[in-house]
Structures are given as C-alpha cells and as structure tokens.
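Next come two complexes, and both contain chain A; in the first it sits with chain B, in the second with chain C.
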Partner chain A sequence: MAISLDRQTVSIYAGAALLRLLVFVAFPDLSDFLGSQVEISTPISSFKRLQEGLFLYQHGLSPYDGGVYHQAPLLLVIFEILPSALVFVALDILNAVSLHTIANNLDIPSRRFRKLDGTLIAAAYLFNPFTILSCLGKSTSIFTNTAIIQAVFNAQSGNPLRAMFSLAIGTYLSMYPGLLLPPTLLMILKNKDQPASLASLVMSYIGALAALLSTTIILTDGFWDFLSSCYGAQLTVTDLTPNVGLWWYFFIEIFDSFRDFFIGVFWLHLVGYVGGLTFRLQSQPLFVITSLLGLFAIFKPYPSIADVSLYLGFLPMYSHILPLTRYTFIAASVLLYSTLLGPAFYHLWIYAGSGNANFFYAITLVWSLGLTILVGDTLFAVLRDEWEIERPEMKGKSVRQI
Partner chain B sequence: MFRSVFFLVVVAFFALSAAASDYFERLTLTPLPLGSLLASFDFRANETITDYESQNYRFFPRSLGQALRHADTKELHLRFTTGRWDPETWGARPWNGTKEGGTGVELWAWIEATSEEEAFEKWSTLTQSLSGLFCASLNFIDSTRTTKPALSFQPLGRYGDGDQTLHLLHGVLPGEVVCTENLTPFIKLLPCKGKAGISSLLDGHKVFDASWQSMAIDVRPKCSSGTEPCQMEISQTIDMVLDIERSKRSRDNPIPRPVPVEQLVCDETKPYHSQEACYPRDMVDEMPWSLKEVFGRSMAGVCPLVESEGPEAKSVCLNVPHERMVLIGVSGFEVKSDPGLPDSRCYQLMPLEEFDLELPQQTLGGKTDLGHELLRAERTITGHGAARGGMRTVFTNPSPTEPVKFVYFESLPWFMRPFMHTLKAQITQTEFPFEWQTITDMYYRPAVDRKRSTQLELVMSVPPASTVMLTYDFEKAILRYTEYPPDANRGFNVAPAVIRILNDTDGNGPSDNIYIRTTSLLLPLPTPDFSMPYNVIILTSTVMALAFGSIYNLLVRRFVGADEVGDGKIRGLVKRVRGVIVALKDKVAGKRQKVE
Partner chain C sequence: MKPAAANSPTSAAMTTTKQPPPEKPEAVRLRTKIVLSFWAVILLLGFPTWWQTTSIYRADLPLQDMLNWAEGLNTPTSIPLHIWVSAPNLPCPDAQRIVRETQQALDDLNEYPTLHQRLYLVNWWSTGKDNKEEKGTPSTSCGENPSSPDLGDPALRVLLEPAKDGFAFELDPVIAKAVVYIPRTDANNVSKRLAENLHELFKEEQVAAALQTVALASHTQNAQAFLRSQPYDVVTRIEKQINRAYKSSSEFHLTFSLFTAGGVPSSWDVQDALSKHIQPLVQALSNTSEFDITTQIQLYSSYSPAIQPVTKEGMEGAFLQQKDLTAFVNAAEWPLAPSIGDGPTINFILYVPVQDEIPLKIDGVEGTSWLIPQWGGIQITNPPLQPDPMTGGMSLPAHLAGELLRQPFETFSSQLLSLLGVPQANQSGKLLPLQLRLDAYKRFSTLTLYLKAASSLGSLARLAQRLSNIPIQKHVAELVDDAIGNLTAAEHAFLESRWDAALIHSRIAYRDSEKAFFDKSMVGQVYFPDEHKVAVYLPLLGPIGVPLLVGLLREIKRLVVRKRGITP
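Coming up: the complex of A and B.
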C-alpha cells in the first residue's frame, strides 16, 4: 500500500484517529449509548452481545448454546487479546488506507473519468458520520467491511489468493459477502497482469472458508450449535429486534404459514441482483461490487448504518458520473430526512410511548426507498456513461430506454 | 335387631381405627398482628409402597396415584399461591417456606428416566394429566418454562435403592390465576372430601379472599432405616392469612360500610379531637372471632379416619397465650401445651358433632414472638422504555452476628435476554469491616429463542447486618405478532426468584432448608401494531418491487437517443389528441373568419 505521506494525508488520518480515540476516552458512556441504538448495532453486530459471548467463552460455556451471541468465534479470540477501542479505530484507518490505494490505482475507461485523489476518498470514508457512529458504537460489522475492502483491494492489486482469503473471511463472519464472489472473480480475471484460473480461485475460496470454519472446532465444542446460531439466525431471521432494514417488521407481522415461503423469497430477491449486475456490467466489476453493497445495505436481514458507510466509502470513486445522475437531490434529502427522523420515531415508540411501531417502520421504508433511489440513479448514470463511450455524439442529449 | 346394628357399628369403628394411623389432619390457627389470622390446614396420608405399586389405594388418591405412576414420577411438589407473605408484619413463614410457591402455579418433580429426552417426555405427560386433574393451565409448562435446577432443590424423599436415575424438572406459571376451580379438585383428593373434619371449613369464597394463601401437594417416598416397608406419603397443605374483619363480613352484605359514629373508637389525645373530628385509634385489643364467623361455616365434626387417641388425634390447634379466653362447645376437649413450650392449645373433637370455638375481645399484655426471617429479598425491574432494562435484587441480612448463605435461583423467559457480563453483586450497606465475597458459585444456562428459558443459580452469602444489591442488564426481545397474548400491552409475567437458605451448621439435612420467594414481576415488551399485517406485507413488498423493477429495468433495456426513435405509446396518444384538438380549433377559427 504505497501512499504518499504528504501533510494533508497525514493530518486527515491522524485527525480521524484522534477524533475517535478522544471520544472513546472522554465520553465512555457515549460509546455504550451508541452501541445500544438499533440503527448502529443489530443482533449480529452488537458489541454488547459480543461481550456476553466472550463472558460465556471465558467461563467455559459454549457461547452458541444460547440465544444471545450470533457472531463468529474468531471475534472472541480477537477481543480476548486486544483492547476493543483500539481495534475499531485501527480497522477504520486500515479501511481508509485500502480505499485510498484502490482509488489511486483506479482507472475507469470513461472520457469523464479524471485521476482520483485517494486522500479525498479516504477522508470521505473517515469523516462520514455513519462511519464515525458505527465505529464509536463498536458495531462488529466493521470486520466484515474490512474483509470486503481487503478482497477488493487485493483483487485490484493482483493478489488473487489474498483476495479470495479475505472474501472467505467476510463470508465466515457474516455470510452475505459470499455473494460478492462472482464480481470479485471477474475483477481478478480481468486483471491481465497476473493470470489465474477460475477453478483454482474458487477452490482457494472454498478451501479458505473450510479452514476458517474448522477453527471453530478448536475454539468451541458444538460445531452445529455454531452453524445454527451464527448462520441459521441470519438465514431464518429468528431475532426480530428492530433495525433499519425491511425484514424485521415484515417477519413480525407475517402469517406463520407463509413465514418460510417469504424468507425464501426475500433471500432469492437478494441473490437475484448478483447475476444481473455482474453480467450487465462486465467491464466495471468494481461498480458491480459497489452497487451490490448498496443493495445489501437495504435488503439483507440485519442491515445497519455500518453497511451504508461501506457503500458510501466506495461510491465517491464514481464522482465523475455525478453530472449524469437525475435524482441526487431527492436521494440526499430522503436519506437526511430518515436519518434525522429515524431515532426520533424509535424514541417515540419505545420510550415515550406516544407513537407505535408503525412510526419507526415507516421511516425504515423511507430509508430503504432513499437508498434504492441512490443505487438506481448511480446505476443509470454508469450505464449511460458506458453507452456514451460507444456513441460519443450522444453526449448531453436526452435518451430513452427501450 | 338393635344389637346387630350396634355390633356392625362397633366393627366398623374398630376397622377404621386400625387403619387410621395412616391418615392425619390438623388445623393450626395463629392470630397475627393487625387483625390477621393464619390458618394452616395439614393433611397427610401414607400408603405402603407395595400397595401403591399394586394400585391398591386406600388413603392415597387414586386419580393422582395413577397419573404419577403413568409418568414414572417418584416425587412431586405442586403449589398454588396467590398474594404475598408480609414478613415484616407476620414474621417467619409457615413451614419455613417449604410449603409455598411463587405467585401462580409452581411444579417440580423427580422423574425416573434413562435419558433427559425421556424425562422431558414423561414430564409433559405429567403436566398434561395434572392440568386435567387440577383444572389449571399446567399443560402450558412447555420446554420454554421448564428448567432443571442443580442447586436449589433436593429430594425430600428417602429412596430405598440407589440405582434409579432421577431427573429433577421445575416449571412455573407466574400468570396463572389460582381460584375455586383449583380448590375443588384439591379437596376431592382428601379422604373425607370436605364432608367432615377440618376440610369442611374450606370454602372457596374464604380461601381466595385471603390476603395470602398457598395450597401445596407433596408426594414423596419414605423409607425408614428399620424393617418397616417403604411408604408413599402425600401431604396436602393449605395456608392462608385471613383478614378477620373482612372475613366476618356477611356474604349477603359484602359491601363495606362506614362504621356508625357511636361505634368509632377515637384517639382522644389528638389536639383536633372533637365531636366532628375523630382520629381512629389502633386496635390494641385482640379481635373477637369464631370459626363460624371467619370460615363462614362451623366444622362438621371430626373426620372418622383419623386416630381417635394419642397426640395425633387432636385436629384443631390454636397458638394463643394461655391467658387468652377461648369458648368451646361440648363437642371438644381442650389440652394446653406443657409449661416451657410455646403457648398453644389443641382440641380433641367428638365424631359426628359440629365444633366451633369462639375468642372474645380481650386485652393482652405481652406480644407473641412470631419469629423473623433470616433474609429479606426484594426483586424489581429497573430502567425505562420497552427495549432494555435491568434486574435488581436487594438482599438484607437482619442478623447482627451471623452471615447468611443461600442459593438464589431465577428462571427467566426466553424473550428476556440477560447479559451476564453485567452481573454485579455489591455490598451497599454494611457494618461488617472485612472483605467479603458475595457470589461464591454460579450455575448459568442461557436461553435459546423459543426453545428454552434462562436458568441462573447463584450461591451467595451476605455478611451480618448488611445489604447486598445484585444487578444485571437485559434486553427485551420483540416477538412475532401471533406470540403475543390478547392483552399484549399488560406485559409478561416473570416467575419469582427462589431463595434457598443453606444451613451451615447442620450437614445436608433437607428438612432444615428455609425457602423464600420474591414477588413475581411484570415485564412490558415492545409491541408491533396488531392491525397491520396486510399493510406491512403490501408496503414492504412494494418497496422491494420498486427496487427490483427499477434496477432490472435499467439492466435489461438499452439506451437510444430520444430523437432516434418514434414516440412511445402514451406520448404518441397525447400528440395525436393534441393534433385533433388543434385541427378542431383551426376548423372553428376558419369558420368564424369566413363568417366575418
């Protein structure tokens, strides 16, 4: 990761790290408060639940023989050794550095594309309020985010094995990064510098995943408990704690006889985007990954603002398509509106008692809709940009889709 | 003729008295401060194990015996409790708390089985049949309400051979409302069935009008070390604290009315005392009462199955000082306790004759010692909001010299997720100068959603004259909307905690145990909107369809310049309509021009 350490870069990284550490030290209660917000920590990324799992693990009980802990055992080992605040800050910085390098090396075949300044991309990630809040709230989603960023970074810089290993870590931690396998493979195979065969890549991914899963057997007894508690909880959405996604209220209210059917439909819907996007945007696998991350942040079972922060970390690399977007104002204002009203409505429902569950549910709908507009709009812009490469004379003219 | 009838009666009498040693009943009445009366009914019956095995039931109720045999239950404890025992006014608990349960219904049993699964299957059989037998919702004790305490309970029975594998299972229904329909089957298990003996005093209107009542059924095998055969013992008890004044209200006129002015007893030392203002004086005299007034009926003689001679024959006992005046009819014979023992008197009754006793109003000098509790425990839920909260239990050891050691047992419903890493026991108030470790051992089994409840057992000790506060945080789960009861916003009942005080001085004598139960708690959970399933399905599906539609719309279509293709359907239609309008306009305008 060769990044030039000029004054601006150093001040951005140091500033971001200092900001986080300062809050951790000066306002220790704030971290607990943020960690208890449903927008930041979900049942599968809550730090409090991780501490409970760690408590059980340290006392010789299986953390998976219970309904509280749904995270991977590797995290237990990490937090058993390292202080939590430093881990979260370090991972945020690592993510920013990786994004910085990805942006520096990025070359998009478009006439609008100008060479990116990685420092700005890193700053956009580090000072994004969603990133800061999820770091301070100690959402363990950041481990998955790091794994995904590392996979992209290694795929781009020509380390196919490391990329596959990172993706396997992500899959091991929270399962859904496995869906990023096709675009990542595409990205590696498009990289002509290092020839790699598809079969060996897939095999290395599966091998890494199997190796990670087998560490569980060493760490805890009860491998099947781990599978059902860690992945079963995500697959079947047993814990219906509110979050910013669409699943929880739907599966509270769904009729019992249709529950299994709709769980299948929701997962199929999520998987359905992978093939289409990868196939249509073969020339830009990074954008496929970015768009998929945006869609996962809306439609995965337990989304949080940490997932949005990852999406918004990649999105600035496509700032050149901004002139081609159509609804940025609407998307931005809808997101702002739901960001501000979400916590308020949750408070009205849970604490004040003057609102009911529909208040918060309505806001999650608006939030999802806002993100959908953003994903759809950027997708339109990228497709249009691609089309303009074919037909440069159409620049600035109105288009129709048939 | 007359002689043969007399002979038959005599034979019957002897036959009964021969068997009578296997049945025992006693009512103990203890007046408590502030006009309360503790009435303890105790019924015990024995059956030899061989008779029990061959289903030859005499005093042991057949219905219960068959249910127990069917589920291979060796020892059973069933409790129906309402109200709260007030230790500050009423002193130590009757039976040291061993014959009471938490609010609602509590059941624990030792079941013989080869595996845990088999034990649970038999447990389900047992709860189903007991549910039918006692008209209680015991069948709702499923796996989410069943725990397997490791330290809190010990078998009270003595077992002959040690090669049985017994499993202890414990279930609670804190929300169950105990009422008359549970008392009727309870009385039916008794040999005299409420027709004679002390059980004839049991009336649902009075029992469930009490300030506190607890019905208990204990079945246990009893093997003495001697050559006597093993026996199955069933012990049924009802303890209740009656408010004398409230019980004396006649049933026809149950509405309380103000006391007439001339009957008011005023405190004349108050400065504002006058003809108009009266400050009622505390009742210093002992209340007058009689069995008939308090229980609504007098006792229908003695149950003919009890022993007619000896100390066990006295069916009614009264714990009052000897100087208290007690009036009885001719049907009873009074025996006062020997000097040196606590003051009490018992009555031997005549068969087939009604019995009543009456205590007139009287002023007594000394106060009777009611005993005190070794430990006070108070359990509350802290925090606000429907998403998370905390549990706080405060233990107070009133003894100035002795520490108290106990097992604290909690079973929490699965939708209450405790965080054990936040568990803290701190001494909040003490005069004890040394370091003290409050929690010495811990047994924890976390809940599994919709399958298992949390089980927490702590071995704790409180130093002398100190208060210990135990706290932990928990999170409230949100349920599927079909899992909420109809009154979802009332909250969910959390079972009381069970405290077993360990007696350090004596070895493992199970009878020396003292049990205390805290009150049950009400846990409010976040609720969804129950009227919305269709709306939610429609709205969420719309958002997903919008996303899927718009993205696949972009992916599968191709771009063309707007000027390169013909108009779309709608725009074409609009253009055509506009064209027609323009043409019409032109026509009209042209005509007008022509006219001009």
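Coming up: the complex of A and C.
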C-alpha cells in the first residue's frame, strides 16, 4: 500500500485515531451507551453479545449456549487476545488506508473523471459520523466491512487469491458478502495484468470458506450449534429486536404460515439484484459492488449504520457523477432528518412510552427511502455517464425514460 | 425499480420530436441477459422456495374411524354394573335361585343398557371371614372365585343373610356394601324387593349417564327413550345437579381464601381445617382427578361496593338481600386467579365482615353460605367478639382458631362434592354411603371423559374434512391414534365393568383428543380463508411481478418479430 506520507495525510489518520482513542479512554460510558443503541448494534453485530459469548468460551462452554451470541467463533479468538478498543480503531484505520489506495489507483473510463485524491476519500470515511459512531459502539460489522474492502482492494491490485480469501472471510462472518462474488470475479477477470481462470478463483473461494468453517470444529464443540446460531439466525430472522432495517416489523406482523415463504422472498430479493447489476454495469465492477453494498444496507436482515458507513466509504470515489444526479439534496436531507429523528422516536417508544412501534418503524422506512433514493440516483447518474460516452453529442440534454 | 433502472438508458430517447436511433445489437443482447438473470433467480430459486414453504403438510387421519367414534358406532352396546352377591349362610341352590330371579326382575324393571346392574354370585365373604366370627353352618363355597378376571370391579357387594322376620335391605353407612335379610318364607317376593332396592339405588346414576349421553353423543335414541320413561322431576333435578358442577377434568385446583373486610382476623388455622375436612375427600377422589390446594388471606377486602346490606329494627347486625348474593364477589379487587395450570380452579371464600356489620346474615334464610355454580362456594362467618385488652371494648379476634373453622369447612367439603358433581341425597332425601357416591362420581366422570374424547375426535375429523387447507402435523395424527387406542381400551374395560382401567384410558383419550383438536399448528389456519391469500400475494404480484412480466413479454415479442423478419 503505497501512500505518500505527507503532512495532510498523517494528520488525518492521526486525528481520526486520536479522536477514537480519546473517546474510548475518556468516556468509556459513551461507548457502552452507543453499543446498546439499536441503530448501531444488531443481534448479529452487538459487542455486548460478543462479550457474553466470550465469557462462555473462556469458561470452556459453547459460546452459543443461551442463544445470545450469533457471531462467528473466530472473533472470540481475536478478542481473547487483543484489547477491543485498539482492534476497532486499527480496523477503521486499515479500512481507510485500503480505501485510500483503491482511490489512488482508480481509473474510470469517463470524460468527467478526474484523478482522485485518496487522502480525501480516507478522510471522508474516517470522519463520517456513521463510521465514528459504529466504531465507538463497537459494532462487529466492521470485520465484515474490512473483509469486503480488502477483497476489493486485492481484486483491484491484482491479488486474486487474497481477494477470494478476503471475500471468504466476509462470507464466513456474515454470509451476505457471498453475494458480492460475481462482481468481484468480474473485477479480477477484467484486470488484464494477472490472468486467472474463473474456475480456479471459484475453487479458491470455496476452499477458503471451507477452511474457515472447519476452524469452528477446533474452536468449539458444536458445529451445528454454530451453523444454526450464526447463519440460522440470519436466514430465519429469529431475533426480532428493532433495527433500522425493514425485516423486523414485517416479520412481527406476517401470518405465521407465510413467515417461511416471505423469508425466502426477502432473501431472493437481495439475490435478485446481483445478476442484473453485474450484467448491466460490466464495465464498472467497482460501481456494481458499491451499489450492491448500498442495497444490502437497506434490505439485509439486520442492517445497521455500519453498513451505511461502508457504502458511504465507496461512494465518494464516484464524485465525478455528482453533476448528473438529480435528487442528492432530497436524499441527503432525508438521511439527516431520519438520523436525528430515529433515536428520538425510539426513545419515545421504548423509554418515554408516549409513542409506539409505528413511530420508529415509520422513521426506519424514511431512512430506507433516503438510501434507496441515493442508490437509485447514483445508478442513474452512472448509466447516464456511460451513455454520454457512447453518444457524446447528447451531453447536457435531458432524458426521458420510455 | 429494478428493470426500470436497467432499461432506462438503453431505451432513453430525446425529448425532441426526432425518433431515437435504433438500439445497438449488443445493447439488446445485454438487456436479454439482464431479464433472463432476474427470471433465472425466480424460476430456479423462487419457485422451489414458494413450493417448499407454502405447501401444507397433511398427515393421514383415520377420518372415518374418528367419525364412527363420535357417532357412537363404536360405543359399547352395554355398560354393565357388576354386583357381587354372597350368601354364606344360605343353601347354595337357594342363593343361585335368588340371584337368577332378582336378575330377571331387574331386567324387567329397566332395559337401558348403560349402567345396567348385573348380579354375580361370588364367594367374596370367605376372604373376610377371619375377622368376623361366623356362627352356624360353615359356608359352602358357593359362587365364583372373586379373583376371576371376568368379574370386574363390583359396584356393590351384597350379603344375603337368613332372617326370621321380614325382608330388610341395609346399606353400610360408609363402604359400598349391603346386607339383605331374607325371610325363609315368601321367596318370590324377596327377589322382587331386592331388585327394586337395587334399581332404586342406581337409578339416578343411570339418569345422569343418559343425560350426559344425550348431551355429548349423536346416536341417543336409547338414552332419550329411557329418560322419557323416568319421572320428569327426577330428570330435571339431576340435570340441575350436573349443570351446577364443573365439567369433568383430570385436574382441579382448590383455592381457599379468607377475605376480611377490616384488618382482623389476619390468620387462620387453615392447615388443620384442611387436613381434617378437605384432605380425606381429596384422598378419596384422588383416583378420579388430581387436586392441588392453595390458600390465601386478604385483608381490607370488602365485598362488591354495589351491595348495600340492610339493617332491621330490633335486630343487631346487617342483612344481605338474597338477590345480591350473585354479585357478592368483588371481582375487581379480590385476587382470584381464573385458572392455574391446566384444570379449572374451584374457589372457596370465607368472608369476615367488619365489626359494625356483625352478625352479617342473609335476609330470609337460615344459613350464611351459598354456592355459585361452576365457580365455587362462599361462606360468611361471624366470629364471636372478644374483649380488647388495649381499648377495653369488644373487637374481632386476630386469629381464627380451629373451632371457628369447623363449621365453615364442613360446608366447604359438601360444597366441593356438589361442585364436582358427586351425587348428593337421592330422591327420598336419604344420604347414600360416601363410598357409593364417590364411586358413582367416578363412573360418571369416566363416562363423560369417554364421550367427550369421542366427540372431539369427531369434531376434529369434520374440521379436517371441511377445511382442506389447514395443515395437519404428524404429532396431531399420533395423538389421534393414541386417543383411538385408549378409547378402544376403555370400551373393553366398560364391557368387563373394570372401572379403574376405564377411567385411566378415558382420561388419556380425553387429554390426547383435546390436545389434538386445539393444536397450535392448526388453530392459526382455521381462521385464514383462501381470500386472504390474495392479500398476501398481491404486493408480490403488483410492484415486483408486473415489471418482471412486462420485461419478459417484451423480450419474447422481440424474438418472435426477429424470427418472422428472418424467415420470409
């Protein structure tokens, strides 16, 4: 990772790290408070639940006893050895460095595209309030985020095996990154520097995933316990704790006999985007990944603001399409509005008792709507950009969908 | 949104009047691929998911069998009641003749086959001979051996004794035993009178059984004919008795509560009272049902505020109006659990009024206790006032001692029996021996559980036939099989008059059939008509299905057009 260490870069990284460490040391209560916010920690990414699992694990019991812990056992090993605050800060810095390098090496075939300054991309990630809050709230989604960023980074820089391994880690930790396999493969295959065959890549991905899964047998006794608590909880959405996503309210309300069917529908809805987007945006696999991350942050079973922070980490690399977007103001204000009202309505519902579940659910709908506008709008802008490359004479003319 | 986003640029056109340029072939191919990728997900993953998650599992139920049980096609043709007769001091031929003739007389008196008395000459007396010093001739071993398996459980043991003077039929005051004195002369009349006595003894039980059969089974011509042949007032009295009682259950909870309107009395010797008056009954009933007992004391718990007791000139204390008695229970404030666990709760309330109202009585009635059908019993007690060492005045005792509880708990024990449906005094007002009454209750409860189990199997079968879209889980089918097996076993036990076995099987059959009928997996679907499915699928068909379908149709149209363009 060749990054020129000028004064600006160093101060950004040092500032971000200091800010986080300072809060961890000076306000330990704040970290606990953030860790219990539903917007930050979900049943599958809560640090509190991880500590519960860690306690059981350290006392020689299965971490999945008690049905609280729904995360991968490898995380237990990491937190058994390392202090948690340092791990979270280090991962955030690592993510920023990777994004920095990706941005530096990025070249998009568009006339609007100007060479990116990686430092700014890193700063946008590090000082994004969503990133800071999810780091301080110790959301373990950050491990998945790191795995995804590493996969992209290695795919771009011509390390196909490492990319596959990173993606396998992401899949092992929280399953949904497996859906990023097609665009990542596309990205590797488009990279002409290092020829690699599709079959060997897929095999290496499957091999890495199998190896990671088999570590579970060494770490804990119950392999099936692990499968059912870690992946079963995501597949069947057993824990309906409120979060910013769309699933919990729906599955509280749905008729029991249709529950299984709609779990299938919701998951297939996620799967459905992968093929279409990958085909349509073949020339820009990074944007496929970015848009998919945005869609996952809206539609996956237990989303949190950590997922949005990952999406917003990649999105600034497409700042050149900003002139082509149409609704960024609306999207930005809707996101701001729901960010502020979300916790307020949750407080009204749970603590003050003067609101009900619909208050919070309505605001999560608005939040998802804001993200949807953002994803749709950027997608439109990129397609428009592509079209202008194809037909330069149309630049600046308004379009109509038929 | 998906296809729109995918299609928009390729099919985008200018706002000017110029026609858009033709699409490039690669763009067309790309669009085909995109449409196909969406449809591949739907066809390869979506349809299997839909098939798998919405298919309804229906285990095979023996529907015809279940309906047969409910219709009463499998019910035993007769449920005999065995009576053992022993005559150690009579010549064997005489005894045999009396038994035969009495049986004939009994058959003439009554043709209803349920609980029909059947006499057996059994040599049961010899077993008890050692304790009782027998005089006269040594008993000839006349009759069958009591351990013979055909004999079942006796409902009554009759001892025939020769007598000098007239015929007498004497029931033992506690156990189910009768001694009959047979005069040497007038032998014909003896059989008839014995038959009449026996018939009288079990007639009410038969009426109760017939009433229950009419209420719960579907083929009841026999029972209805029998009821019509009985005097109307007897039938209505027994019907009232049945209605007052709780429905038969294998578990009951008894709650004894002391409610005091003021702060005293605040304790009672309830354990003593329970072990003296209630426990023996519970013990005796324990083979029919399980009972658990809870007690509580609540201070400052007055009766419903709606009730205003009246005072009368020249009489101390207060009087409750008779019409107010039903509203006496202060449902809003008295913590009486509606039900604990599986079985129903029977409430017994001992109420101590405030000092001003003592003695609290009921206007126009002697007693101070009454019974609320299928709920429990209430008893007002007016404890004697004691001099208060602090103030010097008179006040209520702080503790209700055992002596004060004797009368209320005697009332409670008789209330318990009548709330359970144990027969009380018979027509002539004579109280039958306790053993006979408890046995009668056991038989009644066995029959009720048996009929109820059969009828709920029938309901389940009709439900399964009517609603073709409710799931039937495997364990429901297992419960049904189990219930049918137990019903069959109970039926055999009925035919052999083995009541203990019949009770056990009926209880299991009842429990299993109820569990099967109220199974959670079915109940949810019962109220889910097919029309609602449209509402569930509509969001899928509308916003997601339409764009996908339109995309697919366009592609197909394009392919067809191209083929036509090439072939001619």
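Observations, loosely collected:
Heads up, the rule we're going with is that the second predicted complex is superposed on the first by the 402 of 402 C-alpha atoms of A that agree within 3 Å, B and C clash if a C-alpha of one lies under 4 Å from a C-alpha of the other, contacts with A are read in each partner's own complex, and residues count from 1 in each chain.
Rule of thumb we're sticking to: a residue touches a chain if its C-beta (ideal position, glycine included) is under 8 Å from a C-beta of that chain, and two chains touch if they have at least 3 such contacts.
All values derive from a computational prediction rather than experimental measurement.
Aligning the two structures on chain A places chain B and chain C in clashing positions. Contact with both chain B and chain C is seen for A:379 once the two complexes are overlaid on the shared chain. Within the superposed three-chain arrangement, the count of touched residues of chain A is higher for B, of the candidates chain B and chain C. In the superposition on chain A, A:264 contacts chain C only, with no contact to chain B. Using the contact criterion defined above for the overlaid structures, shared-chain residue A:280 touches chain B and also reaches chain C. Within the superposed three-chain model, A:397 lies in touch with chain B and with chain C [touch as defined at top]. When the two complexes are overlaid on their common chain A, residue A:97 makes contact with neither chain B nor chain C. Residue contacts after overlaying the shared chain place A:209 against neither chain B nor chain C. Contacts of A:272 after superposition on the shared chain: both chain B and chain C are touched.
With chain A used to align the two structures, chain C clashes with chain B at 38-46, while the other stretches in 2-10, 38-46, 164-172 or 326-334 stay clear. Shared contact residues on chain A (touching chain B in one structure, chain C in the other): 255-256, 269, 272-273, 276, 280, 372, 376, 379-380, 383-384, 387, 394, 397-402. Residues of chain A touching chain B in their complex: 36, 38, 48, 51-52, 54-56, 59, 61, 65-68, 238-242, 246, 248-256, 266, 269, 272-273, 276-277, 280, 295, 298-299, 349-351, 353, 356-358, 361, 365, 368-369, 372, 375-376, 379-380, 383-384, 387, 391, 394, 397-402. The part of chain A that touches chain C in the complex is made up of residues 255-258, 260-261, 263-265, 268-269, 271-273, 275-276, 278-280, 372, 376, 379-380, 383-384, 386-387, 394, 397-402.
The touching residues of chain C, when paired with chain A in their complex, are 1-9, 11-15, 20, 30, 33-34, 37-38, 40-42, 45-46, 49-50, 52-54, 471, 524-525, 528, 532, 536, 540, 544.
Of all residues in chain B, only 384-388, 414, 417, 419-421, 444, 446-450, 475, 477-482, 526-529, 532-533, 536-537, 539-540, 543-544, 546-548, 550-563, 565, 568 touch chain A in the complex they form.
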